[in-house]
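Here the structure comes first, spelled out in structure tokens, and everything after it is commentary.
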Amino acid sequence: MQHAVIFPILVPLITGALLLLPPLQASVNKRRALGGLGLLLLLLSACYGLWQSAGGVQNFYLLGNWPAPFGIVLLQDKVSAIFVLLSTVLACCCWLYSLAGEDERGAYFQPLLQFLLMGIHGAFLTADLFNLFVFFEVLLISSYGLLLHGGGKGRTKAALHYVLLNLLGSALFLLALALLYAMLGSLNMQDMALRISSLAPQQVLIVKAAAGLLLLVFGLKAALLPLHFWLPAAYANASASVAAMFAVMTKVGVYCVMRVFGSLFGDNAAELAGFGRDLLWIAGLATMLLAAVGVVAAQHLKLLVAYLVLLSAGSLLATLALGHTGAVAAVLYYSLHSTLVAAALFLLADLIAAQRGTVQDRLVAGRPLQQAWPLGVLFVIAALAVVGMPPLSGFVAKIWLMQAATDLHSRIALWSVLLFCSLLVLIALTRAGSTLFWRVKAQAVTAQRADAVQFAAVFLLLLASPLLVLFGEPVMQFCVEAATQLQFLPNVRAVGGP
Amino acid sequence: MSTLLWIVVLPLLASIFVTAARQWQRSYLALAVAAFPALALLLLLPSAAAIFSGEVLRYQVQWLPLIGLNFSLHLDGLSFLFSLLILCIGLLVILYARYYLSAQDSMARFYAFLMLFMFAMLGVVLSGNLLQMWFFWELTSISSFLLISFWSQQGDARKGARMALTVTAAGGLALLAGIVLLGQITGSYELSVVLTQTEQLQQHAAYPVVLALVLLGAFTKSAQFPFHFWLPNAMAAPTPVSAYLHSATMVKAGIFLLARLYPLLSGTELWFLAVTLAGLTTLLVGAYFALFQHDLKGLLAYSTISHLGLITLLLGLDTDLAAVAAIFHVINHAIFKASLFMAAGIIDHETGSRDMRKINGLWKYMPVTATLAMVASASMAGVPLLNGFLSKEMFFTQTLHQGVLGSLSWLIPLLATVAAIFAVAYSARFIHDVFFNGEPIGLSKTPHEPPRYMRVPMEILVALCVLVGVFPQWFIGDLLSQAAVAVLGSAAPEYSLALWHGLNIPLLMSVLALAGGIVLYINRKHLFVFQAGFAEQPAIYRFENVLQRFVQRCRSLTAAIDNGRYQRFAGLMLVLVLWLCGAPLLELASLQGNRPALPLDMLVLAGAAILCIAAIATVLTIRQRLLSLVMISVVGLMVSLAFVRFSAPDLALTQLSVEVVTVVLLMLALYFLPHKSVKQSSPGHLVRDLALATGVGVVIGSLAFAMLTQQTDTISDYFLQNAKTGGGGTNVVNVILVDFRGFDTLGEITVLGIAALGIFKMLTGIPRFMSGADGEGRRWALDSHPLLLAVVSQALLPLALLVSVYIFFRGHNMPGGGFVAGLITAVAMILQYVAQGVDWVKPRLKVEYSTLISLGILCATITGLASWLFERPFLTSWFDYFDLPLVGTVELASAMAFDLGVYLTVVGSTLLILANLGKVTTRYRPVHKEQS
Amino acid sequence: MELVMAIVIGVLTSCGVLLVLRAHTFAVVLGLTMLSYAVNLFIFASGGLTAGKGAVLGVTDIYADPLPQALVLTAIVIGFAMTAFLVILAIRARAELGNDHVDGHSGSRQQQESRF
Amino acid sequence: MNFINTLLPTPARSLLLFVVWLLLNNSVAPIHLIVAAVLAVLIPQLTAPFRDPQPPIRRWGLALRYIGRVLLDIVLANLQVIKLVLGPNKNLRPGFVLVPLAITEALPLTILAGTVSLTPGTVSAEILPYQLHENSAKPKFLLLHVLDLQNEAELIASIKQRYEQPLKEIFQC
Amino acid sequence: MLNQIVLIAMIGIGIALLLNLWALLRGPSVPDRLLALDTMYINSIALLLCYGIYAASSLHFEAALLIAMLGFVSTVAVCKFMLRGDIIE
Amino acid sequence: MTWLEWIIALLVIAGTLFVLLGSVALIKLPDFYTRLHGPTKATTLGLGSLVLASMVFFNFIEQQLNLQQLLIALFLFISAPVTAYMLIKAGLHQKLAPTAGTQQQELMKQRDKLAKGE
């Protein structure tokens, strides 16, 4: 099973390609079956990957059997295994949700979802900076297609902005790559990290410029202020399971900051060590504040959830800027929690909107929900989790983030911002919940009842939250180990070297 | 000590149980629910012996040690007392609620929430870990939110619940910060450890912060001034909820917290001052406003605020006995206030109103209830022989023995007396205005006694008022002393619980209060008139207004920042580029590096000039779109030539072929877009953009120069050395593409394929929008498929295919490859579309483009997978040379199969995009009259 | 020669940026195309300029750095895919929103609110 | 014969492909000959649907001669154009000319128009009427733009005689 | 000597390209400019041929061939656009 | 220089001159229709002689069989007339004004009628 490392990339790739063949084009059920089978295989391989990485070894996969750092290398460690599993679980739930009919509301939903996963997993697994760019593009182009799924003006408009900004971002990424290659002469992140300590002073400055560009690019992906512009509209307009799936997209940006900046500008990077932390810190906190304000301001539920995603991205990056292992571990845990819960909220918003007639998910009085009781319970659970109230994972995550701040200044800044934002989110969510569920204006009309698979998808996503608390100890322990492993850079030149 | 665990968990089980058993008959349901806390009580009581002998019972399970959160239970005198209150009063409330709730109310839901709350409350008081305590603390907020908003159809209930949650959760967040800080200072969150670190904490610089944060938590929860406003509005809750939460439990959680951390936090000037002042103010404010409430429950709510202030004040006084008095009053207040709330509930239930201006003279209709309520009120007023009197006496005594405010300390007993006068007055009002004072006005039903068992809880509580009042030592002596030990962290001070301590100042104060209260009540009219002068909006509206204004602010802020303008954010991004790249450049001593420069030649200069001029011309002609398209084609051509000049033939080929497809694409797009655009940028806007553009250009150009003049040792030599021997090709660029970095290429063709799919998606169902004439208003020409073009394009197709094959096969060794070959094929096919139209091509083409994409990707992937058969990683290449008779040496390489995948994907994607776009444009073509 | 290359890259970037900041999708598309020219040249330049004869073995003895060339090739293809997508998206936006403004609304409103 | 017809439905096209492949590879090595042959068969088969039926070349010798004549005309006439282009613009006598057509088949007509365009002094502008659909009237006129129009009739005659007539013969139409 | 002559020829073609650019910028009509662009394509082929002789390398042949084939397609496409608005119908 | 080199030189110079001529024509001639003649012919011819030069060079000087360049000429000779045809069609469609002395301008207008077969 030496090839297991690459499964998370190849399984969706092959599934996606097969889904385009004529026999599958003709039949909805076959498409769904194949899509599901692909996800199942993916889930198995993600679990296997996690199990494999739990042994503590960093698995390299030398593509084309070329020695590192010349060929492209995949790196499977605990961090990437966690994220791969996260996105796979998320995808399974989104896929499940989409079976209620959303997947057929436009062409190519199933293959695009698979390709998106391929891109995301590629970004998580690759140890090559240019390959990372390629996978970024894979995930972006799939996300463009998915964002437009279902059609409509709002989606088109949001997609236009999303695509434009990301194209700019891609250009910047390439500039950064070129500069780094020119200065370091390599594309393998670990190899670059080895080379970075022996730069001439003039080159250091050029690398600094490149690092700035990279920060911009990852910041754009992670929706860091002021590069967050695309996020609220895109997420709020995407169709439900797509929006839910997108919950992991900002985490890709966070992951890249963690991985790339962690290795390139780690402790042995001489004067470049810790590059960008100050910026991330300020921008992360600002993002949190803006996001919280956005959460309060949001006039419909999906937009509110979109700002919640923004808030979590800000929290993650600000915490990451603290720069120590504990902070990274907390970030990992928080990523798991926030991704799944935000996804559940997106799906819930859709279910709620579907039963409220013309007012949809707008936060105004509307007709009573057909299934107020189950939806209400799920909403309360999700809200508690996202606000960071016990007994769900949010509070553990929040406490851990807070504990990550250990010096006076970071405590003052992070805690006050984090807690203030929590309060705003609480206010907003209680307002939203009481409006949606309690402020009933018109008479009940028989609306479309939510499908069982939809409930199942939301339930599964939300189930993760209590599980993360109940089995918090092993999960957190794993996060700590992963963070520690991330700090420790493998010598890639020793792998299959000439 | 897993009994501790059961005590906590049983109510949770009850909550789960009741959700499952929601179809049960109401009485059975109530009984079944009551069984759980009853059992918990049975489990708790046996530990009394141990507790009274000074033991502390613990139960600990490792939970999340990484953040210091363990499941840790801690039963000492204080928690025993509170648990007892919670369980006993909880049981009474369950019984009471059985009769209180109407048939429409979901009893199961009510009990589920109530039990959840009980679980949370028990968790708070039994917590042995601060983080865990916070966990339950927040759970009380949540469950109380659910309980207050039980009648969610009423706006007041929703708003009241939200307000309560907002205030208490805000406090909870502060408390969390306090606890985490405390944990970081003391190194643990375990009570048993933390409570021993008093000195370390109080000498720490952050002690004031910790204190402030913890007090914020406690004060919001216990409705201390200025956070008291949520409590009266929480009266929208069903009365059993008030009887439980707002007398004995939830609001006491803050008090409990103060008591719990008393050994750790108290003893400092800061503590005394902050707690005393908050308590004193709350005591006065609550007592004063209670008098003016017309709502029965409103009166009780303000009275509760006042009593909570009293207890807080006691905890702030610098004597040990004050703490004992505080605990004592916690018990007494719980007892009499719970019974009073129940009375209010009964009255509400039987009269349909809580407005004291309407309900009068109930003595006639419900004498038993009235008697009970009057006794409880008397206890609240501090009438001797009742429990309220005792603790109030102790309170008065302690106000006389403190020195918290220094030279102003005499104010405290004075103000305490004033508050007591008001307390007597509002208690008197409760009795007189409800049970006497003439006949009821405009009630919807004729009042009568409640069902027998609805009164039982009240009877029990009132009996306790009397019993404790008369035999205090016997009833609660041990309880109190052990609780006091827990609070003080040391042996309890000497005190005596007795009815009669002789003639002393406290007694005088009591008498004064009673007399003054009666006088005040009798003359209340004047005071009411005076107070009416300050008529204010109710807190709930003020709070909602503030919130509404805040939301509006947030909206305008969000709208101002996230204004939906692409230009702003693109601009910002570029400003960041300028800053992040420009700043390091400014530090650079010289851009020039160590690499020897190539000599300049005229041709390159001419080419560069053409390129730059064309680029600028593109910008200048941007409003005549066709023209700018022509201009940018020149740029593309020159870039390709530059690639040729600087030794990159592969790039030139690719750039050229991509260029053509892009132009075709843009032409198709122009059909939909307006051919000309109106000017939209103001001059200022333009100048700013120009400056930004120049800046970014200069920065990127400088970086390019700095980069170009730097010599670096790269990994490229490896590729040059191994391309032939390891990759089997002499065109190193191509070998990199299909072999060394074949994985990139696989991703790249996937991108292309996905783009085509996405485009197909966008094109299906695109609304019609196109122009019937060109930019100058000319109608379109008639000749849709010029003859000459048609014939030539047909002739070119086989030639182009041949060239594709040629380019494809030579790619591995010479410039070329699958990508360029694919584009040539695609362009040749596009030419067929251009020359003869979709209707001509479509029937002649048997293959689906999406299938081509799929086959292409699969072909490349399977080629990569094939290496698994040889136990090599994905994409490991294989090649060999074969000597064939007649033919000579032939090279076969897996890279060719890979490249075939590239070829197929490129053809499929390009054609899927362009052919479908073409179809769309034609579908919406307005039909000319002449043509039909 | 290096200076000329740098200037060309700079000019292309400037023009690209200026176009990218326009209000019409078409201009932005051209701007991004222009930027991608600049970027491609930039990547290409990261291997240094060589006036030799390419990276084909046996043809010459001075080789250009092949890796940046391969990277540019990938970048060109991806850039093409993205541009194509954007172009169609622009068409769709025009069709659905009724105009070709990047923010999807008409020019008159834009003029009043054109603030950075 | 039948076999050859199905294998090589368009021999001219196959021949062209065969030659071009060898030209492309600059080689007559056995491997290239084999590949050229395979492609010369395969590609025409593959592209057969994309080809409207055209009259076949009947007289190969004449066709070669035609090519030679056109090449010569191109060179010679270009020398005249030098004068026209470099001389003052006022000496130019441009004009439009309508040439009535005798051939109507698509391929010969295309070659005729192409030849006219390649030979200096004239550019084919339109083939009239347009072939908008299958029932359109056959082409009747070739509209030319002439750089230096001295004698319209002479020009028309020369085109018909030098180019149209041989083409008619080559394709026997 | 031959190299010198070819170099001069290349500069001549460079001048031709500059002239094309002038024509392109001058216009006045779009067909005029398109004509200039097309000429530029052809002149580039000429340049590549000379460069081939100059560098004694046939590596650039494909680029020239491609310009010959593809430059034509884009010119035709623009013409078709001017005529019909729609290049693929 | 050998005589072969002289031939190459001659062909190169001739080719370049024709190429230049075509480009000069583009600038100098008075209207679109006349300008069209320059590039379609002169440039094509110029390219033809450059192709020839290149072929001589590679086959005889470099001593390698190299006839690929012929293909360039072939493609050009096929495509140039079509390009010119499409361009002039576009020009006529846009009713670009011919220079003052142009004879039989009325044919431009008649074109529409003739096009429909009337």
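Labels for the chains are A, B, C, D, E and F, by order of writing; each one numbers its residues from 1.
Simple rule for what comes next: a residue touches a chain if its C-beta (ideal position, glycine included) is under 8 Å from a C-beta of that chain, and two chains touch if they have at least 3 such contacts.
Not measured: the values here are computed from a predicted model.
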Chain labels contacting chain B and also chain D: F
Chain whose Cα centroid lies at the greatest distance from that of chain D: B
B-C against B-E, pair bridged by the larger set of C-beta contacts: B-C
Relative to chain F, chain with the most remote C-alpha centre: B
Chain centre separation in whole Å, for chain C relative to chain A (CA means): 28
Chain centre separation in whole Å, for chain D relative to chain A (CA means): 61
Chain centre separation in whole Å, for chain F relative to chain B (CA means): 70
Centre-to-centre distance between chain F and chain D (centres being mean Cα positions), rounded to whole Å: 15
Overlap residues in chain E, where contacts from two or more other chains coincide: 15, 17, 30, 34, 59, 65, 69, 76, 80, 82-83
Sequence positions of chain D contacting 2 or more other chains: 20, 24, 113-114, 124, 130
Touching two or more other chains - residue numbers and ranges from chain C: 20, 25, 42, 45-48, 53-54, 56, 59, 67, 74, 78-79, 81-82, 85, 89-90, 92, 96, 102-103
Complex interface listing, chain B residues touching chain E: 602-603, 606-607, 609-610, 613-614, 617, 626-627, 629-631, 633-634, 637, 640-641, 644-645, 649, 652-653, 656-657, 659-660, 663-664, 667-668, 670-671, 770-771, 773-774, 780-781, 783-785, 789, 796, 800, 803, 807, 814-816, 820, 824, 827, 830-831, 833-835, 837-838, 914-915, 917-919, 921-922, 925
Residue ranges of chain F touching chain B (in the complex, touch as defined): 75, 78-79, 81-82, 85-86, 89, 93-95, 115-116
Complex interface listing, chain A residues touching chain B: 2-3, 6, 10, 13-14, 16-22, 25, 61-66, 69-72, 106-108, 111-112, 115, 118, 122, 130-131, 134-135, 137-138, 141-142, 144-145, 148-149, 151, 160-161, 164-165, 168-169, 172, 175, 178-179, 181-187, 191, 202-203, 205-206, 208-209, 212-213, 215-216, 220, 226-230, 232-233, 290, 293-294, 296-299, 384, 389-391, 395-396, 398-400, 402-403, 406, 411, 415, 419, 422-423, 426-427, 430-431, 434, 437-440, 469, 472-473, 476-477, 480, 498
Parts of chain F lying in touch with chain E, wherever the complex brings them together: 1, 5, 8-9, 12-13, 15-17, 19-20, 22-24, 26-27, 32, 35-36, 38-39, 43-44, 46-47, 50-51, 53-54, 57-58, 62, 64, 66, 68-69, 71-72, 75-76, 79-80, 82-83, 86-87, 89-91, 93-94, 96
Partner chain A, residues of chain C touching it in the complex: 20, 25, 28, 32, 35-36, 39, 42-43, 45-48, 67-68, 71, 74-75, 78-79, 81-82, 85-86, 89-90, 92-93, 96-97, 102-104
